[in-house]
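As structure tokens, the structure follows; a few thoughts come after it.
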Amino acid sequence: MTLSVYLSGEIHTDWREQITAGAEGLDVVFSGPVTDHAASDDCGVAILGAEDTKFWHDHKGAMVNAIRTRKGIADADVVVVRFGEQYKQWNAAFDAGYAAALGKSLIVLQRPEHDHALKEVDAAALAVARDPVQVVEILRYVLTGALPG
Amino acid sequence: MTLSVYLSGEIHTDWREQITAGAEGLDVVFSGPVTDHAASDDCGVAILGAEDTKFWHDHKGAMVNAIRTRKGIADADVVVVRFGEQYKQWNAAFDAGYAAALGKSLIVLQRPEHDHALKEVDAAALAVARDPVQVVEILRYVLTGALPG
Amino acid sequence: MTLSVYLSGEIHTDWREQITAGAEGLDVVFSGPVTDHAASDDCGVAILGAEDTKFWHDHKGAMVNAIRTRKGIADADVVVVRFGEQYKQWNAAFDAGYAAALGKSLIVLQRPEHDHALKEVDAAALAVARDPVQVVEILRYVLTGALPG
Amino acid sequence: MTLSVYLSGEIHTDWREQITAGAEGLDVVFSGPVTDHAASDDCGVAILGAEDTKFWHDHKGAMVNAIRTRKGIADADVVVVRFGEQYKQWNAAFDAGYAAALGKSLIVLQRPEHDHALKEVDAAALAVARDPVQVVEILRYVLTGALPG
Amino acid sequence: MTLSVYLSGEIHTDWREQITAGAEGLDVVFSGPVTDHAASDDCGVAILGAEDTKFWHDHKGAMVNAIRTRKGIADADVVVVRFGEQYKQWNAAFDAGYAAALGKSLIVLQRPEHDHALKEVDAAALAVARDPVQVVEILRYVLTGALPG
Amino acid sequence: MTLSVYLSGEIHTDWREQITAGAEGLDVVFSGPVTDHAASDDCGVAILGAEDTKFWHDHKGAMVNAIRTRKGIADADVVVVRFGEQYKQWNAAFDAGYAAALGKSLIVLQRPEHDHALKEVDAAALAVARDPVQVVEILRYVLTGALPG
Amino acid sequence: MTLSVYLSGEIHTDWREQITAGAEGLDVVFSGPVTDHAASDDCGVAILGAEDTKFWHDHKGAMVNAIRTRKGIADADVVVVRFGEQYKQWNAAFDAGYAAALGKSLIVLQRPEHDHALKEVDAAALAVARDPVQVVEILRYVLTGALPG
Amino acid sequence: MTLSVYLSGEIHTDWREQITAGAEGLDVVFSGPVTDHAASDDCGVAILGAEDTKFWHDHKGAMVNAIRTRKGIADADVVVVRFGEQYKQWNAAFDAGYAAALGKSLIVLQRPEHDHALKEVDAAALAVARDPVQVVEILRYVLTGALPG
């Protein structure tokens, strides 16, 4: 069994690298969004031409990024959505809703201080993890049956 | 043509009432979440019994609310998602993602200061409206072909 | 909003009547299996001709009953599955799995002594209720926003 | 033609090993749940933290196990569900219903004394087998056209 | 519960009328193909213009009839397929396969002499009836729980 | 049987009125796009605010019109797509492809001079009609079995 | 591009071998039913135990064969259905309907004398071929763009 | 991540070759229609026999081509639709609509002079590119995160 895992959400810390490194040796294929913030913001106009307004500048970029995001989520068995300490992160919650509607297994990765604000998102999840190590342990258990320790 | 419209998101202002009143006379059926904040937070434990931890207290409520939310979105032709000035509003973004994955026509209702943070959500929408009047005008145009003014 | 509710499972107590009576006045349409045990067991052979073996006797009946069950679950927004004190009740658990795979909102109605045995079924549910009154209260809240008491 | 086969249900006897061994040489990929009973029960709290109540202890485990179960059934062409002599085994019947709703080819593996109690489950199956050898023979026939003997 | 029933197949006897008359008083909506043989054969060219070859003459008619057939089957909960004594009746078997793939509840109505030739069709059915009265009895039981006699 | 019919395509002649008038007395519900050309072009900016470029002006309008188009096609049993004598009419062909992918019964209404250019569109259709009267005759036949003349 | 092709229908001539041999060198994966007539008829009872009646004897076999048929059709891009000179061949027409409802590309392989009887089946097909060579030529053209001669 | 890309539309310039060459080294699998115009027009009659009328000549060819087109679009993650300077190109717009309804990521490749005529098609697209280089840059960015320059 190969597990396809899409890593959605926060792009300012190295949580993706922690999970990828921790899962070494497991039969997992990871995917995720472009995490270069500047490239992600500007990809639309950089490729398809400048826009006069910030709204359409952003829009063109978001549309191009959607090609990657939709493919990643569509192919995923498991979608991990990480909510960080800052920012609105509405794209993360959007991905969670999108994944839930497609019937993907959802793992939310968040700090307890956001429990109340995330209760509807968590209600659609099969696991609420507090740090990347727990996500790795879930993947290991799901694939091998082995528990930590 | 009857249009089913689900009104998702912010529950602290009267935007739903504005839309409902504005759309009087149009062939629209509105639905939405329970907007009594306290009832919405406590419905799980009030009906199914108290929990010792806030996490499961919230969880039980979110699950019960999901019965209504899922039904409303599943039945909707159009999902309007309102993002207000405050709070994380991750449930609103979750609903937007959920609706998008089901192929619903999405209208986002938000102030321009959130344009950048909402660019991925807006990219899945067929309209980004700035006030409830515009939502009413869209519904009127879609149903009757009449433009404002 | 009209809610279609399928009442699956145990047929030896009056829990369906309690829910139906309790929900009077709410915009709910109830359906459920044939609850006349003898008719349900014998419908296949009574209509389509006798069988020499008990296996095919049972099989023909189960197939005819499936016409009603599938229709009821397919049309339902909410599927309530009641597990009683006795018997294997595998058909109830089967209905729960069937409903879950179709994305129906699932409410499990069971006594606490079955919590461990039902944990996988409960994991697919949006609510685990302990008595029919709680089911009624959920339906009332979902439809009207009103909490008990 | 490679056949993906998910082996669901009873975890107290070696029926999975019998089928896997018997099917050696056939183009079959098997999957199934974690069959280490203790790990399966405790995986939720072992990874995601302890719970004060047995209900949520069980719930967290069942949710984590669902990641594996859903993936296994979603990928399967054939789902074999084994009902043993003891216990309620509601998770087995749940898996059968889940698989049936997804249109999977269902094989039920059970002793005749359960025929009546399983008649609704059997009615959704393409075969009711009495021992693991018969399951192997079905797989061999389906893949190669060869009958036993 | 209203049951939508599509009556497919043989058009040379009055079996549809028998079922419709027998089901009087039940909450059933019947549909079926155009049973005027000549009209059914010629509808394509009668409306859309003559063809030089019989093949395209037939083809145009079959395509127009498909508008009705597809609608009828798509809307049906139950599809009854009648095989008569004569002719190839491949359209009946085609409808049965079409209905089965859509997950409709299938009832086959046929004489025993065709059992062997119809075994694959019967294998997809929830009931194999021998005369129209049995179909009526199934519909009555499914809707009311009442058995004959 | 009520037939829902979406009338897509050319908006410069009165073909919709001809069909609607001709179908009087039949159990048909018609829908279609906004056919006021100016309103259709400007609806986006008229409601949601002006744009500096023609591209986004058009885009906003097309998105708002899509709310109506998608609803109409999604609800339709039959989609009639009319190709006129002039213009590119790519939206008509787009609607035809969209309807075909959803499995709708497609009727193309076109003049013979476009047969070659429309061969891929026609290949997905159940009827190629030459004038609105033929469409009415198809609807009458499908609903009543009556042929013209 | 690899094309998965399911070869359904008549099992008394070597048409499958002709197509398979003719397609040598093309990127095609073929599948089909068990074509050993005796094995196909008896597989149910040979594996799962004898039945007293011919009906259930046949039924058990048809159900086991359905495991292979459903898998083959579900995995196929193209379903070729061959109607021979003799027999009712309702299973062939059933497969055609099943494949059509799943949106598979259907090729019917038949002699002209059956054109009228097969007109509804042909109406769902993308090609009506008269001999196996034509099927091979279609596959070659679809995969390589090369026409015969 | 491997991206499957279907290249639909105009067949008179070398835009497919430009994209394929430009994407060398990227993890992309390209597919597309048969681009030999004569073969594409005549494939139906060349394989399946001549027709007396141009309409059915075209029809048979379009049906055979549909086997390839449907497979290519069904397997694609991204569908690029190129509109050229000439001709009606209704098949291109049809493919765009077909792809949109299946939820494929759509890229439209067109000159600005067609912006108004293509506004409904563009409204369903995630990118509107002006030359093949931009399509390559989108594919590169989606797969690697690298922007041009």
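Per-chain numbering from 1; labels A, B, C, D, E, F, G and H assigned in written order.
Here, a residue touches a chain if its C-beta (ideal position, glycine included) is under 8 Å from a C-beta of that chain, and two chains touch if they have at least 3 such contacts.
Not measured: the values here are computed from a predicted model.
Q: Quick check on the contact network: minimum steps from subunit E to subunit H?
A: Minimum step count, subunit E to subunit H: 1.
Q: Looking at CA centres, what chain is most distant from subunit F?
A: Most remote chain from subunit F, centroid-wise, comes out as D.
Q: Rounded to a whole Å, what is the gap between the Cα centroids of subunit C and subunit G?
A: So the centre of subunit C lies 40 Å away from the centre of subunit G.
Q: In whole angstrom, what separates the CA-based centres of subunit A and subunit B?
A: 23
Q: Report, in whole Å, the distance between the mean C-alpha point of subunit D and the mean C-alpha point of subunit H.
A: Chain centroid spacing, subunit D to subunit H, equals 44 Å.
Q: Identify all positions of subunit D at which a residue touches two or more other chains, and write them in rising order.
A: Only 63, 66, 103 qualify.
Q: Show me the residue ranges of subunit D that touch subunit B in the complex, using the header's touch definition.
A: 52-53, 56
Q: Which of the residues in subunit F come into contact with subunit H in the complex?
A: 54-55, 58-59, 61-63, 65-66, 69, 83, 87-102, 112, 114-124
Q: Using the touch definition from the top, list the residues of subunit H that touch subunit G in their complex.
A: 31, 34-36, 39, 42-44, 46-49, 60, 63-64, 66-68, 70-72, 74-75
Q: For the complex, which residues does subunit H have touching subunit A?
A: Counting only subunit H, the residues touching subunit A are 1, 3, 77-78, 103, 105, 107, 126-130, 134, 137-138, 141-143, 145-149.
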